[in-house]
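Chain lettering (A, B, C, D, E, F and G) follows the sequence in which the chains are written, and residue indices restart at 1 in each chain.
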Amino acid sequence: MNNLIVLPLIIPIITGVILVFLRHSIMLQRVISTITMITVSIMSFILLEIVESEGIIRLDFSGWLPPFGILFVADSFAMLLVLTASIVTTICLLYAFSTIGKQIETMFFYPFILFLIAGVNGSFLTGDIFNLFVCFEVMLLSSYVLVAIGGKKVQLRESLKYVLINVVASWMFLVALAFLYGTVKTLNMAHIAQRVAEVGQEPLLTTVAVLFLLVFSLKAGLLLFFWLPGSYSVPPAAVQALFAALLTKVGIYALIRTFTLMFPLNQDITHTLIGVMAGITIIAGCMGALAGRDVYTIGTYNVIIGVGFILIGLAVGTEAAITGAIYYLIHDIVAKALLFLIIGMMVYLTGESVIKNMSGLIRNYPLFGWIYFIVLLALTGVPPLSGFVGKILIGQGAIEAESYILLAIGFASSIIVLYSLLRIFLASFFGETTISFEDRKPIPKGAYGSFIFLAVTIVFIGVGAESLSVYVKDAVNTLMNPSVYIDAILKG
Amino acid sequence: MTFELAIILLPFIVAACIPIFYRRLPKKAIGWVVLMVPLSLFLLLTTYIPRIAKGQTFSNYYEWIPSFNINFTTYLDGLSLIFSLLITGVGSLVILYSIFYLSKKESLHHFYCYLLLFMGAMLGVVFSDHLLVLYTFWELTSVSSFLLIAFWHHRKASRAGARKSMTITVSGGIAMLVGFLMLYSMSETFSIREIISNIDVISEQSLFIPALVLILLGAFTKSAQFPFHIWLPDAMEAPTPVSAYLHSATMVKAGIYLVARFTPIFGGEMIWFWAVTGVGLLTLFWGSFNAVKQVDLKALLAFSTVSQLGLIMSLLGLGSIAVYLGYSKDSIIYTQAAFAALFHLINHSTFKGALFMMVGIVDHEIGTRDIRRLGGLMPILPFTFTVALIGSLSMAGMPPFNGFLSKEMFFAATLKITQLDVFSIDTIGVLIPVVAWVASIFTFVYCLIIVGKTFFGKIKPDILEKNPHEAPIGMLISPFILIGLVVGIFIFPNLLGHYILQPAMAGIYPTFPSTEELTPHISAWHGFNMELWMTIGVVILGITLYFLLKRWKPIYRWIPQRLTLNSLYETVISFSENVSESLTKRYMNGNLTHYFSYIYMVFVIVVAGVFFLTNSFEWSLVNNSSVESFELILVFVVIFAAVAILFTTSRIASVLLNGVLGYSVAFFFVIFRAPDLALTQLVVESVTTALFLICFKFLPDLTPERTSKRVKVSNGVISILVGATVTIVGLAVVNYEKFETISTYFEDAYNLAGGKNIVNTILGDFRAFDTMLEVVVLFIAGLGVYTIIKLKAKKGDADIEN
Amino acid sequence: MSGLFGQFLLNLFIALLWLLLVDAPTPEITTFFSGFVVGIGILYVMHRFFGTRFYLKRVMKLVNLILLFIKEILISSFSVMKQIITPKLNITPGIFTYKTNLEGEWEVTALALLLTLTPGSVVMEVSEEGDVFYIHAMDIEQSKEEVIRSIGKFEKAIMEVTR
Amino acid sequence: MKINDVILRTVVKGVVFIILTLGVYLFFSGHNAPGGGFIGGLVLGSGIVLLYITYDLETVHKKMPFDFKKVAAFGVLLATGSAIGSLYFNAPFLSQTDGYFNIPILGEKHLTTVTIFEAGVALTVIGTLVTIILSISEDE
Amino acid sequence: MKETILLIALTLFMVAIAILLYRVIMGPSMPDRAIALDTIGVNLISAIAIVSILLKTKAFLEAILILGILAFIGTIAFSKYIERGVIVERKGDS
Amino acid sequence: MESLIVILVGILVSVGTYLVLSRHMIRVIVGTAILSHAVHLLILAMGGLKKGVVPLLGQSEDGFTDALPQALILTAIVISFATTAFLLVLAYRTYKTNGTADFRELRGISDE
Amino acid sequence: MSVKETLEWAAILLILLGGIISVISALGLIRLPDVYTRSHAASKSSTLAVLVCLTGAFIYFWFHDGYVSIRLILGIIFVFITAPVAGHLICRAAYRSRVPLAEGSGEDELKPLLFANEDKPDL
């Protein structure tokens, strides 16, 4: 049964490779990739159920007991993210079918997407810190290709920067790993946690922890987000959506895991640092969003704001805050995916990205416009949509922990989010229509399907927050009590 | 499901049905169908009146997110009932009015859908006992208001107004939410009633005052209190029925509702008293003062609404003193202010609703709302004139209209409060009646303006050309019902007082034992007291000022245009946009080199900072192995080769030197007993070098770095610091020997995994998963290279993105 | 026919190589077989490259040739080192040509390698027809003579192996 | 004058055999001595690359008409497939088994499933290496 | 004693490498650098052999062969690059 | 030896960082290559150097040097190679389409 | 001193000799005037150095450990075969990329053939 845990990683990889052989049968590629992602989503859901009811399960690869071998660990936190990521990927695929174009489809687009999600899922599931590095690389390499896929001038330019920054980030990861191994002499995350706890997270270990903080911050776009606006603006919309939804989240996941499980003991330094970084990130993100004159800039800086907001939850660190962070994480994955799909569609429909050059879209595409409006409200945190529960729980946590500055920054950022997204709505969706209803480009059905599905998900996450709470609470329980995780790995 | 829930849900359900079914209905029918909703709800709600008047309340509990204590608790008491009656009652009239007002060419389904959405949300606000649910509906009212203001979104002004109102009200809402969360953290409940019953515990806590301020921010923004009122005049871009409904009768009163609801919680605080009273009075004055200078009738009404809301707000502030004083024979008298607030709330809805509808008719029939272009309409629009006259006089506080009664009570309350000597009222409290009185004079003036400039005087010729005539009967029904109420309430005020206002007083003063004593007998005549003299003064001075308007109007120009709140708002927004833009562009300049500098600087500051801050540095050579001379030479070879790369100007040389480094590293691997590594490193290094050479076909040769000395030095410093950081941490780590490595386990490789090469068994068995994924990485890279090379953007593929 | 034979020889050679590489304490027939199998694999991949003959017959001649190679490298190395150590360099480098009678790639190559190992000379170019060598000499006066003196010896040694 | 590569080509023809043999040897010896799938694959790949360097794309492609992308893909399939196999036996993912098998002619041999895994690794390395070099070299 | 001599020999090879590094850095021509790098590779072969003796292991003997092969391939690649600017040609006899 | 190597790593890191901070693509890429070398040595040094014999069973049975870092470095080398290969190709494609190899000219601000 | 011991010493001295030759040829690469003459040092004496050293190592392993290392022999053969080829290729490349001969060089019979018409080189 434990072998199930590897499926969210291995199924996409194997089908991805098989699709390489089916390069020119596009229909087949579409069908297979969809089936794959649906299967993975279903598997993830089943696993989530199992984990929630029976506790953490782990898979020791090749049967080597921890801490010696590599293992996958499925706790509710990881599984929730795997499930969300898989579902969102499925939807983005659906969107891609009708928008991506034959040329890119025959260039192994679907395999790269599948490898990407494999890397993402692997990162969520792994219980071995070096394996996390490797999973990151699977994800990154795929993302490198996906940023550049299409070969446009700007794409290549931005992807080169993206790759180089990530190469340096990976280098820092290796440095951090070297120091980690040099000190605690083990790679298993639970074992690291145990050893770190044994010596009470001495100063040197805190230094190492801080190094990891930087590494994951680079991935998450926490403070070190310079790479993000450029590289998220250039790939095809479906890829943008996946990036905005998933890539930073992996970094956030790693941060949460690192500082709740492995290095939770010197919060004066680590969590303060995270808090400061999150605060600055939000402010910088807000300034970027305010400054934005085009959909991409506004969208990407909103990604940055989201990152900062979630990490307030981690910085605050109380149970409520972590719960909120998880809710918000799930919300942000879905909502950002939808936001970027919509942005991509706007650019496709108008051939413009500057908001003032588009106008009156809602007249020709009413449903499309209203879906944007929903995502706008959700990202602002308006109840009863998806962003709401996470936001109030993080707020509660911040109040409990008396982190009023973070509280103020976090909640004030909602206003900027609203303001910036509203600007798109008013300038591009509202206003005089320049194209008559008859002359408009139609929105492909598949794209509509993905919009609707994601919008419904957004509503569901908000209205049906209770149905997720059992999983989220289980996830939080593990995060707040590292011993649950450690015992599941090292005892038995 | 109970009736209360059904009441909230019905508008939403119908709203949801409209987009689905509107195509099947004749255009005209939508309005009539929609009208049934508020009408039936109103009737349903009236059935509650007797029971609530008896002191009954209705509460129901529905689970929403019980895990986080977020549940839907409906609570229907007197206070809620007043508002819900207003919402449904005025709602019915407004919809009836809209049916005739709006052209069939408009997208009516949107209009009614938003309107119903608003109605439901508003009912939700007043029916919610749960703070977060209240907040949910609260934001929903902002959203629906936004949509209604932007109903004619092809107009720039509509969009701007919508944005402004949404930004301000949602911001206030967010502040309020934080306040709610603080209340929750103090009381551990989201239920307003439970908070009230735990008030003793809560009021001592440090978050109490912040929560108070934040919640007031929500109320003030929503109710357009100074200085947040600036959104309301701009909201007049909405169709007039919307203005009548949302922006005078209902939504803007949500803030009033909130203050009334929270009076039992915060009422005892001085800051509450002064904030609510002070801001209310300031708003009252500022609104009336500014209304006078308006030339657009709707704008004038907007400022008048601001002013009247300030009045009600200040009354609630005055009433809160009773909570501070606690229940006693003497304190009861101060509750009259709150009573007056509720009374005026209703009165305002009646006359202001009527006035808005009047303006709508004028606009509809004459085609303009500009008083400079209006005049002498009395003979053309006699019925409309009647509405205007009655409405205005009531607003001005003249008998025999309901406004007179509440205005008198307002004066009485302001006078009464000056006798207290708490909260420093004894020193500056005298200002309260003064401001109230001055504001009332201006109120009187603008009421005269409404009637005088529109209906009296000479009729303008260009209006006559259009051959205007009186509005259709359908448009007149609603305003006439409202002015009927204006008169009716004047005649039977105590009916209202007993059945509607009295039970609501229980909501504001729940700790007071009997609502009976909180309900004064309202009478039109109460002798020549101070209040009446004040009123007489208002009339005399008001008429004087009206006729001398041209003389003193220039004082409005004393305030420079730049300093008005509106332009201040615009300046703040554009300033923050510009600052953000210039700041963001400065560091997000697309220059990779800069990004790297930032990243490295953060790296050094954070890592080295924490390292030294925590005193982690320790270094000894105890754990070190020996160094042979050849190793030392190798080290120097590596250093020289590396440093030489910095200075070389030939790409080949730099790649060759990198090759030297690679080979040297491989040799280090040999020295350090790593045969597999040495082999791999050798091959990989060679292949990498070959790849460099192959790619050089397409790449330019190195050019000397054209960077300034300053940049070079700073880059040098950063690099050295990065290297130093890695070194010092590395040295400390070398020295750290507290744990046994897990690797000893792998030394049993032959028995465990059947291999003698430990490294290989790790790669192929113990950590085979890494290897498997690494193979995938390699494969992705290979495929990626292929894709990047083969997939080239077509020439015609313009770079539309970015 | 001879091509196939040559390939067979090569296959054996690979098997032998395999045997040597595996480095077992005692050479086993099974190892040889596996080497043969490996060889088949490699030859399958490579077989189209293999067009010319490969003779393993005259092993003795080959050994002879190898010894010649070794001798040449010893002599030439020491002559180069002598130049290096000599305090004052007194050389006149230059390029000269030599026309050979050998034909076929293996022969030409072997000769070129030998010439390169000859003291003071490096083959720089081979003409398109493959019969003229352009040789760089460290000291043209001395090397040209030496090369021309020993070249006949080389050609003979090579032909003894190849023909 | 055209370049005559006779010396290079002749020597390379001989040398490639040594390289390829060494590659295969390294591949098999990995379990008990330095080597393994990666190094084996890299050496084999280098051998093929050497051919490309010595000859040219067209010539080599004519004589070795493989699609190296598919070679690499097949390698990945082999590596992951050998891992998937363990699911079938309800053993933990990636479980390797080994044993002594009596094979005709070769006699008793020590075989492990690691070898299949490593073969996958090697094929991927070869395929990828050559794909990269070819793709770049084919670019205009 | 033996070990000392071996260490001396090893040091000598390292010195040779250091000297050759000068040529790699200074050039002046590209072939100069290529030759020097090739020679560094060849010297490393010797160094590895000596280290193998010192460490009493056969584990690095493959590395010797590999290094020989790679130095050779590398030199071919360099010379082609220097000569033609292209390492892998598209068509024969260009 | 460990300290020496760590210092050497520091120097390599400095050099690599300086190159990464350059404007020219090739310098930056070479810089990342040097950073890779440095970190590989660092990982090895973290496991302790020359503390035992070659991790091959059957040659000598006492005190092997730490094999785990070696395995990790192997993985890292391969990943680094894959990345570098991709990076190089991306760099030259970028150069060909954008017409410059200078990162200051690749800011992309001007054409907005 | 036993035969074994003697041979071991011989091996070690061979290795030392290799080291000395190596240093000398490295000096040659510094000292000789142009790339062509340097290539002589590289392709001959440097090669010899490694051959001597490997032979020494081979002998040492043989007599000290009783281990006949085929890898070493192969290595020797390989270096032996490829060294002259490398020298040849580099020289040719250098010449064709017009690295000049050292000053004071004598005749150049290749120049008329390759660069007969300096304006239009036949490359």
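A few points about this structure:
Assume contacts are C-beta pairs under 8 Å (C-beta built on N, C-alpha and C of every residue); 3 or more make two chains touch, one makes a residue touch a chain.
Every value quoted in this text rests on a predicted model; they were computed, and no experiment measured them.
Touching chain C and chain E at once are the following chains: D, G. Removal of chain F from consideration leaves all other chains as one piece through touching. Touching chain E and chain G at once are the following chains: D.
The central chain of the assembly on a C-alpha centroid basis is A. The greatest centre-to-centre gap from chain E, using C-alpha centroids, is found for B.
Between D-E and B-E, more contacting C-beta pairs join the chains of B-E. Centre-to-centre separation between chain C and chain D, using Cα means, comes to 29 Å. Rounded to whole angstrom units, the spacing between the C-alpha centres of chain B and chain D is 63. Chain F has its Cα centroid 39 Å from the Cα centroid of chain C. Chain centres here are Cα means. That of chain A falls 37 Å from that of chain D. Chain contacts: chain C has residues 17, 21, 112-113, 123, 125 touching two or more partner chains.
Touching of two or more other chains is recorded for residues 10-11, 13, 15, 17, 30, 34, 55-60, 62-63, 65-66, 69-70, 72-73, 76-78, 80, 83, 86-88 of chain E.
Residues of chain D in contact with at least two other chains: 1-3, 7-8, 11, 15, 18, 22, 26, 32-35, 38, 43, 46, 49, 53, 69, 73, 76, 80, 83, 93-94, 96, 128, 132-133, 135-138. Across the assembly, chains come into contact as A-B, A-D, A-F, B-D, B-E, B-F, C-D, C-G, D-E, D-F, D-G, E-F, E-G. Interface residues of chain D, counted against chain E in their complex, comprise 2-3, 8, 12, 15, 18-19, 22, 26, 33-35, 43, 46, 49-50, 52-59, 133-134, 137-138. Interface of chain D with chain C (complex): residues 1-4, 6-7, 9-11, 13, 16-18, 20-22, 24-25, 29, 51, 62-64, 105-107.
Taken in their complex, chain A has these residues touching chain F: 130, 134, 137, 141, 144-145, 148, 151-154, 156-161, 163-164, 167-168, 170-171, 174-175, 177-179, 181-182, 187, 230.
The residues of chain A lying in touch with chain D in their complex are 2-3, 6, 10, 13-14, 17-18, 20-21, 59-63.
Across the interface of their complex, chain B is touched by residues 7, 10-11, 13-15, 17-18, 21, 24-25, 27, 30, 33-34, 37, 40-41, 44, 47-48, 51, 55, 57, 59-60, 62-63, 66-67, 70, 73-74, 77-78, 81, 85-88 of chain E.
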